[in-house]
Every structure is written in C-alpha cells, then in structure tokens.
Amino acid sequence: MNLLSILTFLPLIAGIIILVAPSGWQKQFKYITLAVTLVQIAISGYIYFHFDNSLRGVDLINSYQFKEQISWIRLDLGSMGKLQIDYFLGIDGLSVPFLLLTSIIMMVATISSWEIKTNLKGYFALFLLLDTAIIGVFCALDFFLFYIFYELMLLPLYFLIGMWGGVRREYAAIKFFLYTLAGSVFMLLIMVGLYFSVTDPETGNHTFNMVHMMNPANYSGDSIFGSLAQQTLLGIPARLLGFIILFIAFAIKVPIVPLHTWLPDAHVEAPTPVSIILAGILLKVGGYGILRICYGIFPDAAIHTSWWLGLIGVVSIVYGALNALAQKDLKRLIAYSSVSHMGFVLLGTASLTAEGAAGSVMQMISHGFLSAMLFFLVGIVYNRVHDREIANFRGLANIMPQYTAFVMIAFFASLGLPGFSAFIAEAFSLIGAFNSETVNGAIPRWMAIAGSVGILLSAAYFLWTLQRMFFGQTRLMGGEEWRTKLNDLTMREKLALAPLALLALILGVFPSLAFDKINGSVLELIHHVTGK
Amino acid sequence: MTPEQIIFYVFAALVIISALLAVVVKSLVRSIFLFFVTLFAVAGLFVLSLGDFVAVTQIIVYVGGVLVLMLFAFMLSSKELLNTLELVKTRYSAVQNIPAIVLSLALFFILVFALVKSNVNQLDWINGGNHLSVSDNTVQIIGINLMTNYLFPFEVASVFLMMALIGAAHLARKDKAE
Amino acid sequence: MEQHDIIPVVSLLAVLMPLLSFVLCMFFVPKSISGKVAVSSIAVSFIASCFVFFKIWNAGNIHIQHHWFTLGQTSWDVGLLLNNLSALMILLVSGIAFLVHIYSLAYMKGDENIDRYWGYLSLFCSSMLGLVIADNLLLIYIFWELVGFSSYLLIGFWRTRDAAVQANKKAFIMNRLGDLGFLLALMILYSQFGTLDIEKLFGDGGLFHLSQFTSGEWIAPLGHISYVWLLVCGFGFVFGALAKSAQFPLHTWLPDAMEGPTAVSSLIHAATMVAAGVFLLVRVSPIFDSTVLITIAVIGIFTAFMASTIALVQNDIKRILAYSTISQLGFMMLAIGIGNNGAAIFHLATHAFFKCLLFLCAGSVIHEMHYAKNKLDADCDHQDIRNMGGLRKMMPLTFVTMVIAALALCGIPLTSGYLSKDAILISSFEWATTRSFAAKLIPYLAMLTSWLTTFYIARLIFKVFYGELRIQGDKTERLIHEAPRFMLMPQLFLAVCSAFFLFSVNPLSYENTWLLKVFPGSVALERIHSYHTVIPALLNLFAVLIIYFAYIQYARKEKAMFRENTWLYNFALNGWYFDEFYHQAIVRPVTYVSKFSFSIDRKVIDGLVDIVGKSGVLLSSIAGWLDRKLIDGFVNLAGRAAAGLGNFFRSFQSGRIQYYLAVMIFVVLTFFVLRYFSPAI
Amino acid sequence: MIPLSNFMMLSAALFVIGLYAVLVKRNVIQLLIGIEFMINAALINFVAAGKSDKNYMGGQMTALFTIVIAAASVAVALAIILNVYKYYKSIDPDKLNKLRD
C-alpha cells in the first residue's frame, strides 16, 4: 500500500473511528488523535529520509517519488471523449518538507487541544478530517484531486472556528470561508479550461494531470490555454488571465496585503490549536500552490508578472510589519507578523533565482514552526487569564521565568536572529531578490532593500512587546488574582514547545537538512520557468 | 291633399299627441284616459285601411276590456300611490329619462331608416293585384278564413283564453292557503 | 597531527569553550558554581588564544573550510581565517574577557540570578571570538548579530529596572539598523562575485582585484552594475560599523547601555564589541574607494569632537567614560579614513587596555559608593561624581591605577596611549599635507579633541579622588575602603599593560612598535620628519597645562570658572539633543505611520469587505422587496381587477327590469346600427 | 290611397313612444300602457299591410288574434300586479328587485 495514501487517509479512518466510538470514551479521543499524529510523524520522517535528493520532480513526471497513480473516474462522454481523472499522488522536493512540517504541527496542535472541553467528538473528528485534507493537498498531483482536498480543508476549519472560537467567531468563520471560497471558485473555471486544453500523451484523452499540464507539448493547438493559439479572454491573453486567477486564489491563502483581512479576525477568534494549524500550515498551502501550480503550469505568465509579485511581496512585508507595530492585542500582532513574514515568501518566489526560491520554501518551513510556537505561547496566557491585551501585563518575567525564556526564543527566532532558521530563510530570500536583477532581471534591486526594512520593523515590534509585557516591575491588570493564576509552564506545554524551538535551532545551524531536499526541485522549477 | 290624406294626418296626429301625453303626464288617471283616446284614434286608422271588423274588435275588446281592467287595477291598487307619486320624486329612476329618450329616438331613426331603405311601397305583393277594395265584404272574408285557414289558431286562442282566465282567477283569489 | 593542523583546532577550542559554558551555566549548572565554570572556560580560551597568537603572528595565514550547505549551485562553507589581525584580536578579546571575568567574580557576588549573568557573558565571549576568526562575511554577519543579541541580554540584565529595559531595546534596534547596511553590502558583493569568502574576495589573488571600473561601470566576474553600487557597498559596511562602534549617527545607544553592570560595560562597551566595527572596516578595507575613506575620516573626527564636548559636562562617571569611548573610536575611524589601518588597530589595542582599566576602576568606586550609600541609606545616585571626592586616601591602589589609565587616555609620554594617539595624529598631519584646505582642518580638530579629552579625564580624576567626600550623612567613620582583592588584581595587570613597554622599546616614537610593522598602511604616507617631533611636543605641553588648570579648578575649589546653566552647557549635557531628535524624527513618525496604516487596514480594506458583505445583504433585500411588490403585485392586480370587474357588472343585475330592457334595446340597436352602417358585417 | 310607408312611419313613432313609456314610467300600470302602445303599433302595420292581401286577409286575421291574446295577457298581468302590490306594497318597478343577485 503506498505510503502517501496511508499518510493521507490514516487520520480520516481515525476520525471515523472517533465518530463511531461511544461518547463515553471522550477522554480517549485526544490520545487517539495524538497516536495518529505520532504515526504520521513516523511515516513522514521515513519518507523524508528516504527521499532521493537527486530526483528533481517539478515537471518531469517519472522523477516524482512515492508515486501512486490509479485510474479513478473513467466516464465515456460520447462526443467529448472520455473523462479521465486519476487518483495521482506523488511528492518532490517542493512538497516533502511540508509533509513533515504538517505532521509535527498537527502533533503540537493535538497537545494544545487538551484545553478544549466542549463536545470533543465533533472537535477531534473535524480535526482529523482537516489533517487528511492538508496532507492530501500537499501530495495531490491531479488537479481535480488537489481541488477536492483544497475545498475539503475549508469545511472543518469553518466549524472549528465557528463553534469553538472566541467572541466574534461566527463573523470570523464566515469571513474566512467566503474569502477562500471566492478565490477557489474561479480556480475551478481555470481547471476545466486546462482540462479541455491538455491531452494525456498515453491515453490520448483530456486529463487533469498537473504534470502533463506543465509541459506545453500536451496542449492541443487550438485550445484555450494552448501557447501557440495565443487566445485572448476579455482582451487579456488567456494564459496570463489563467495565471492571475490562480494566483489570486492562492494569494488569498498566503495572504498578501489587500486580501489579508480575514487572517487577523480568523486568528483572534479561533481557539489556540486551530490558530496553530491555521498559521502553521494553511498559509503554506497558498505559497506551495503558487510555486507548484501557478509557476508550474503558466511559466511564461510568471515571468511577465514577476515584477508585480515582487511589489506585492514588499508591500506585504512593510505593511504587515507596520500594522503589527500598532496592535494592542498580542494574537492580532502575531497574525500581522505572519502576513509580514509571508511577504518574504512572495518576494523570494518572485525573484525566480535559486537562492530566492529556496529561501522562500525555507521561510515557509521556519515560519511554520515559529508561528505555531508563537500562537501556542499566546494560547498559554489566554487560557490562564482569558486576556491578550499587551497593556494589561507588565513584568511577566519575574513570575513566569520559563515562559519568558520560551517567548524570548520564539520572538528572537522569528525576528531573524542568526542561529535560527528564520535568519537563513529571510537572508537568502533577500539575497535572491537582490541577485535576480543580474541573473534574470525579474525584480529590481530596490525591492530587496525595501524588503530588508521589514527585518528592522519586525525587530522593533517584537522587542517593544517583549519590553512592555515581560520586563520591568510586575504590574498586572488583574492584580493579585491574575498573579495566582499565571503559574509557569506545565510539563505538557514544555513538551509541545521544546520540539518547535529545537527544530528552529537545528534548521538554523544545519540548514542543509532542508536545503538538500529542496535544491533539486528548486533548480528544476527555475529552469522550467526561466529556462536558465 | 285629398280628404283621405287629411283624415289620415288628423288621426295620425291624434295618435301621436295622445300617446306622447299619456306617457309624459304624471298622474295615472290622466294617462289612462289619454290611452283611451289613442286607442280610438288607432281604431280610426284601421277603418281608414279597410280593416273595419278589426277596428270594431279593437274598440270592443281593447277599449272595453283592457281599459276597464286597468281602471279596476288602478283603483284597487294604489290610493296612497296616487298621492305619493305627487309628493316625492323618487330619488333615482331606473334609467335617467335622458338616456331613455336618446335610446328611443335612436330606435326611431333606425326604424325610419330601415323603412326608407326598404322603400316598402314598391314591394311587388303590395302593388300586386290581390288588393283589397272598399267594396269588399271584409267580415265575410274574415269569417271564411277564420273557419278554413286559421281554424287551428282559432281553437288554440280559445284554449289560451280559458287558461288565462283560470290563471287570473287563481292569482287574484283571496289567498288563505299561503 | 603535525604543527600546522593544531592551530585551527586550538582556535576553535578558544571559541567553543565559552559556548559550552553558556549552555552549562544557563541550563545545567547550579548558581553557586556557575562563576567557576565561566571563569575556567574563559581561562582555557585565553591560553588557547595566546598559543594561537604566538604561532600565527608574522608566520603566514591559515585558512581551513568545511562544507556547510549547498543552495542552488553555490555551496556555502564555514571556516576559520587566522591572519595577523585575527590573531591579535583573539588575544586581545580573550585576555580582557578573562580579566573582566575575574573582576565580575567579586563585583557581581550575591546577585540572585548570577547564573544567567555568567551564561550571557560566556555567550558574548564566544560570539565575539567567533566574529574575529570567521572566514566568510556571512559568518561574520551571523556572529555580528549574535554579539548584538548578547549585548542586548547583558544591558537588560537587571530586567526589573525600566531604564535598563528601554536601553537594551534601543541598543538592539540601532544595531539592527546598522546590520541592514551590512546585509545590503553582503548582497552587493554576492551578486557581483558569487561568494562571500574573505580570502577569495580580498586575498592577494582575490576576485575583487579582477573587477575593473570603467566609465561608471563596475565590471565583475558575475555581472556589471553601475559604479554607484560600489559606493553603496562601501557605505553599507561603514553604516554597519557606525552602529556597532557607536559612531555619529547611531551612537546614542552607548551612553544608555551604561544601565548594564559595570563589568559588562568595561568588557563590551569599552574594549571588545565596540571595536568590532573597526575590525570589520579593516577586514574589508580593500573595498573602500577615496570618497568612502573621506567620509569615514570626517565621521570619525566629528564623532570624536562631539563626544568629547559632551563628556566635558557629564556628571555620571560611567557616562563620561562612555562618551570618551565614543570619542576614542572616532579617532580609530579617523585612522582608517586616512588609510593608516595599522594605527587604527594599534590604537584599538591600547585603548582596549586603558579604557577597560578606567571602567574597572570606576566599577570599584561605584561598588564602594553603593556599599557606603546602603550603610548611610542616603538616597543619592552612587554613580554621580558630585557625591564623590577625596577617595585617594581611602582607595590608594584604585587611585594609582586610575591615574595611569587617565594618563594613557590623554596620551602623556611613557604610556601606550601616547604611542597610538601620536601615530594617528602624526599620520593625519602627513595625510593632510597633500589634501585640500578643508582636509587640513581635520588634524587640527583632532589636536583640539585630544586636549578636550585631557581636560574631561582630569576633571573626573580630580573630582573623584581629590577634595573631600561629598556624600550626605555623617562621614565620620571610614565608609569607603579599598576594593576587594579580585577587583584589584585585574586593575593592576591592566595598569601594567597601559605602559609603553608592552608595545615598543622606545617610549617616544611609535614607528618601531612591533604591532605597526605587520600592518602596511594601505595609502603610502611619506614620512615628514619634522612632524614627528613638533606635534608630540606641542600636544603634551598643552596637555600638562590643561591638567594643572583642571587641578586648580576642581581639586582646590578656587572659583567656579564655568557657569553651570549656560545654553552651551545644557546643549552638551543632553548629548547635543540627539536622543530627543531621534525620538521626534524617527520613533514618533514610525509609530504614527503604523497606527495610520492599521486604521487604513481596519477601515478601508476591512471596510471594503464589509461593504461588499452589506451590499450583498442589501441587494438580496431589494430583490425580496421587488419580488413581493412586482410579481405578487401583478397577481394581486389580476385578482383585484377580476373582482373589480365582477363588481362593476354585478351592479348591472340590480333587479331593475327597466334597466334590463334598456340594455336589451341598446344591444338590438347596436346590432342594427352595425348591420346598416358598417360594411364589415 | 295612402301609401303603406306612412302607416309604417306612424306605427314606428307609436312603437317608440310605447318603448319610452316602458323604460321610464315609475308605475307598472303605466308600463302596461306602454306595452299596449307597442302592440297597437304592430296592429297598425298588420292591418295596413293586410290591405293588399285579399284572399287570406293574413294581416287582419293576425290583428284579431293579437287583440285577443293581448287582452288575455293584460288580464294576467293585472292579476300579477295585484299580487305584487299585496306583497311589495308598491308597484314601482325599481322596488321589485327581490330577484337581484
């Protein structure tokens, strides 16, 4: 049985078991989920270390690894040929790190779910469904299958935020759902357009297979997205329009600045474990989508629009950082800092250089660990005193020393202190962005300089928060009652935080752990897009 | 103008004026007497058009029978009706007089128009030979026809009259049953 | 392993020992023995660096590398580069660190989270040592930020004091600002040469020398961009150095950094970290062209002059020394600016010794004053020199060592300071002879600054050690007594190092110091003999006069020569109002812009989304109303019309027979009319 | 000889007057009088036209029968009117509208 399929559908089976199990076993649900996530870590770890670095993957179909291709839907549509949809899973350098990242974040989220008290059965079933959807998104190579998993992700998240969230949870849940759905609906159109333009070389009928969509040979001459036909839709060349629509669909997930307003609301209202998953993995789906689908299927459009992508990246970095500086709520501050850090991802990808792209993938991985850790830390304070206002706390270091130690590690790691993974990621994204003018002229040099201002601003708001909340004399809004409640970290919390901090440190000191896996695919992607 | 035409015009004028007055006058008694005058004028016209037996029948049956009946009905039915009629003008009449007049005149013009269009005098059976002359003994012809050609209507008429008689008697009896 | 392989391993050992002690002190070792662990580790690394120094000095470079990670096509390596500069620096840093560790044993005794202190101090030492021997610029950048981070931790060590917490945030952000420049310079070099390895770039056969500069273009192996980028790269490195060495635009964090323990200030903010900026500039000096050098010189001299004027009026003993550090670093920048790297490094070395000594003595004085203050529980600032006085009788040894250090600072003959300061001054005069008039101004300004230096250090000495103790409360019994043994030993050792013999046999001429012979001046300065005698003589003559003048002024309290609250006095007291200026010009606008952008985010973008939502709702309600009114409307209308019609006709059947007759006749009539008048029927 | 059209013109006028009476009169008896006028108008036509039919005297024979039936009908009508009067206490045709919807 193919490892990827096991990895994908194990949580689903566990979810069904939980649904079927009598609610008397409520206590055991969280342990079942924990077991599932641990098994997932084992599998993805095995996959990660047995991944052959030399195989490149991006647009060469036979160099994908752990492939599983079964014909799933074969309908004879008479005149329109046969409908061919395959159950096609496979991974390459771009998606393998995300598998490991997802399983680790899921494990941490499970540990943080100890705080959930109400209707556990529903919660853990949705949690595992979400887990399946995310792993599926990263492994799917058939566009139809990808779309199914992509939409499947929304449903559990909507309920998780909507039912277990904070005060304005319905508003946040609806806003999140509609925002993402609006993006993905148009993606459906492009998918169908692509389906009708691409023919599978072996079977001769249309196909959803993404890898076939990547090489121009499979496009039939007069098709809508065919590169020779140069068809135009609404005055814009069809391929460029396709790229833009797909980019918008994934940009909403990244999120880029104009389309980001769902993120602070969704994060502030979501319960801690959900916002860990939301920040840890969901934002990466957007970045991964841009790399795999937008850049893979429409490389020519990618070159034309790289300037705009770079600009959006820079704006996201600076705008996100400025907003974070102005926040009063700690969780909202971290949400905006995620927007700013994801701006580096966009800047790196837009540079179309090896350093830039590898830096952006590294940034996604490191941001995954760090933002999960940050949200977990905010969750710790929130569970104890149900308040996240920065102004209400002062001098926490004296009463919660270990907590402060972890917060300092998290803050300094995410503001890019060398020795942690974020520094390597951000430095190489910027170096790639700066370098791109000599290599392929994708984005101008000033964007790298403007982007580096983001590092300074992130230092500013993180240190300012650290100074206001943690240092100085202890003065708490809740006074004596809060002081008793604000006890230091429990073993469980340390168990969740320690791996994340260690991973951020290890990736920072030995980046080769991640870069060796990514290099092959990144070079292939750059070659595929720019031809260099 | 031959004397015949003069008499005709006199009788015609008499008919029209008495009819109009009978209709226009408010009180019932006056209209009944004017009705009486109209009937006599019509009888005169019958005589003028050689229908002397019909004229006589008219006078006897119509004037004697119908008019008298009406007088009785009038007297039995409405003492107070007489005075109420004078007192109050009914709030609304079924049809305003003006539309009735318009309607009647329109009908009159239509009839006249039809008459003129069909120019009846030149009809062949009118000008044909078979014309009644003054000297013929109309009562004899009527008697013969009555017993030969029109025997069936004659019998039916008698049965009809008997039926009417019973009906009227039944209606007008002092009804104890209801 | 034969001779040649041991040295890198030993130098690696020197770097890693403090790191090991950091990990031990922070997590594993109990509080009580953390001090011993830290001191022993720095001792080991000091011995190792001595060994390395004697092996490397004047004996060729060693450069070993190890693969770190490959990214795209380029593979990034991590390695050690041991040449004269790094050997000297590694010795200097570990030596002073060792002394300060011994000093802190006594100074920080009894602090409740002492283990954290030792941990942070070891982290600083390891990152500083790493910085010094790193072989590629990226590694230097990493250690550069780690040094900034550990100084952040140490400044904010007493984290319950708000001033300390403000100071360390400010220090880190300013350093981070400088690091942006450094990063930009890295990016330029990488995009031009594809590597950041110092040896490959600036080594004798290095890539940098292959690039040509023709007609405003910078043609390099990987690409050619406009010449401006070379300037930008140069200025990037300079900007980084300015932040780290607290030079003119980014110097305001150093005086605030005095919130940290004095031992920390002495090690970090006097000798080592601030020197890192100068070290970096010397490391990448080939990249600077003439304009960049000129700016370095100008910034250096301006900072020196500005800092010395501010130091004149400060009352806090540590702030005076902080500003004096800034001023001396200004001199080093000047030396680099005029191309005499050797003089800069020489001054760096001597300055490290006597400035660290000054801080240690100040630390002892503060230690004793603090002790006295607690005994008298007088609530005066124990660091304010106006409360001190007449300590020479109570703390003789500290007095002697401080005077030696002060003499070295002023550059009086027989001290190491004299040699290094004269080196700089004389070469600046030689440099100025060939330059334009404006450039000639610089050496004279340098001379004026050194006189100011003499005055403020004399003021400090006389105020602290002469006259009588001005602290409130009864001063009857002996309050102040000599500093503890552990504090005195380092002071004495440093006093010895401040003398001339450590550097050159002849106390009066700096030419034949062993240190200078190794560093060739990058710009050939022909030697004008006359300067070598006239300038030192002139300089010292006035210096002695100033000392005497200060003696009258402060020791014997003749008459207050300077009025206190003149405009100039306040201007200097508040550090030329730079702090307020930065706060108004940068901090407030940035926070304002961020609030503004957040309000935009909330109102405009969120507003837009909500408007879309509301308009959706509005549209649906309109559609609902429309649906009700129009479509239903028609249906009801038809119903009502039928009813209306029905009513209308119903009135016909009103039971009035005459009415019926009229209608019948009307119908017959219309039939006849149609029959006759309309041809159709 | 008086042409037939004169007689017809006269009968038309009489018919119209009778019609007017039927439409306007508030009293049922006057209404009957109107009906009688209309019948007489018809008689005039019959007799005037019957003049030219020597053999069968159709015109005059019909006239006779009409007079007879008219008389019978008036008798029945008046009996009805009496009953109506007893019931309605009025013989104004407008009041007699029980048959209204």
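Note that the chains are named A, B, C and D in the order they appear, and that numbering of residues resets to 1 at the start of each chain.
We take it that a residue touches a chain if its C-beta (ideal position, glycine included) is under 8 Å from a C-beta of that chain, and two chains touch if they have at least 3 such contacts.
Since the model is a prediction, treat every value here as computed from it, not as a measurement.
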Message: Once the contact rule is applied, which chains count as partners of both chain A and chain B?
response: C
- prompt: By C-alpha centroid distance to the whole-protein centroid, which chain wins?
  reply: A
- line: dist(centroid_CA(chain A), centroid_CA(chain C)) in Å evaluates to 35
Message: I'd like to verify one number: the distance from the centre of chain B to the centre of chain D, where each centre is the average of its C-alpha atoms, in whole angstrom.
response: 6
Whole-Å separation of chain centres (CA-atom averages), chain B against chain C: 135
Message: Using Cα averages as centroids, what's the distance between chain A and chain D in whole Å?
response: 106
Query: Do you know which chain B residues sit against two or more other chains?
result: 94-95, 100, 103, 107
Chain C: positions in contact with at least two other chains: 656-658, 662, 665
Task: Kindly provide every pair of chains that touch.
output: A-C, B-C, B-D, C-D
Task: Using the touch definition up top, name the residues of chain B that touch chain C in the complex.
output: 94-95, 99-100, 103, 106-107, 110, 113-114, 117
Task: Over in the complex, which chain C residues touch chain B? Could you list them?
output: 656-659, 662, 665-666, 669, 672-673, 676
Task: Write out the stretch or stretches of chain C touching chain D in their complex.
output: 650, 653-658, 661-662, 665
Task: Would you tell me which residues of chain B are touching chain D in their complex?
output: 4-5, 8, 12, 15-16, 19-20, 22-23, 28, 31-32, 35, 38-39, 42, 45-46, 48-51, 53-54, 57-58, 61-62, 65-66, 69-70, 72-74, 76-78, 81, 85, 90, 92-95, 97, 100-101, 103-105, 107-108, 111-112, 115-116, 119-121, 125-128, 130-132, 136, 138, 141-142, 145-146, 149-150, 153, 157, 160-161, 164-165, 167-168, 171-172
Chain C contact footprint on chain A (complex, rising order): 175, 179, 258, 260-261, 319, 322-327, 353-355, 358, 395, 397-398, 412, 417-419, 423, 427-428, 430-431, 434-435, 437-438, 448-449, 452-453, 455-457, 459-460, 463-464, 466-467, 470-473, 510-512, 515-516, 519, 522-523, 526
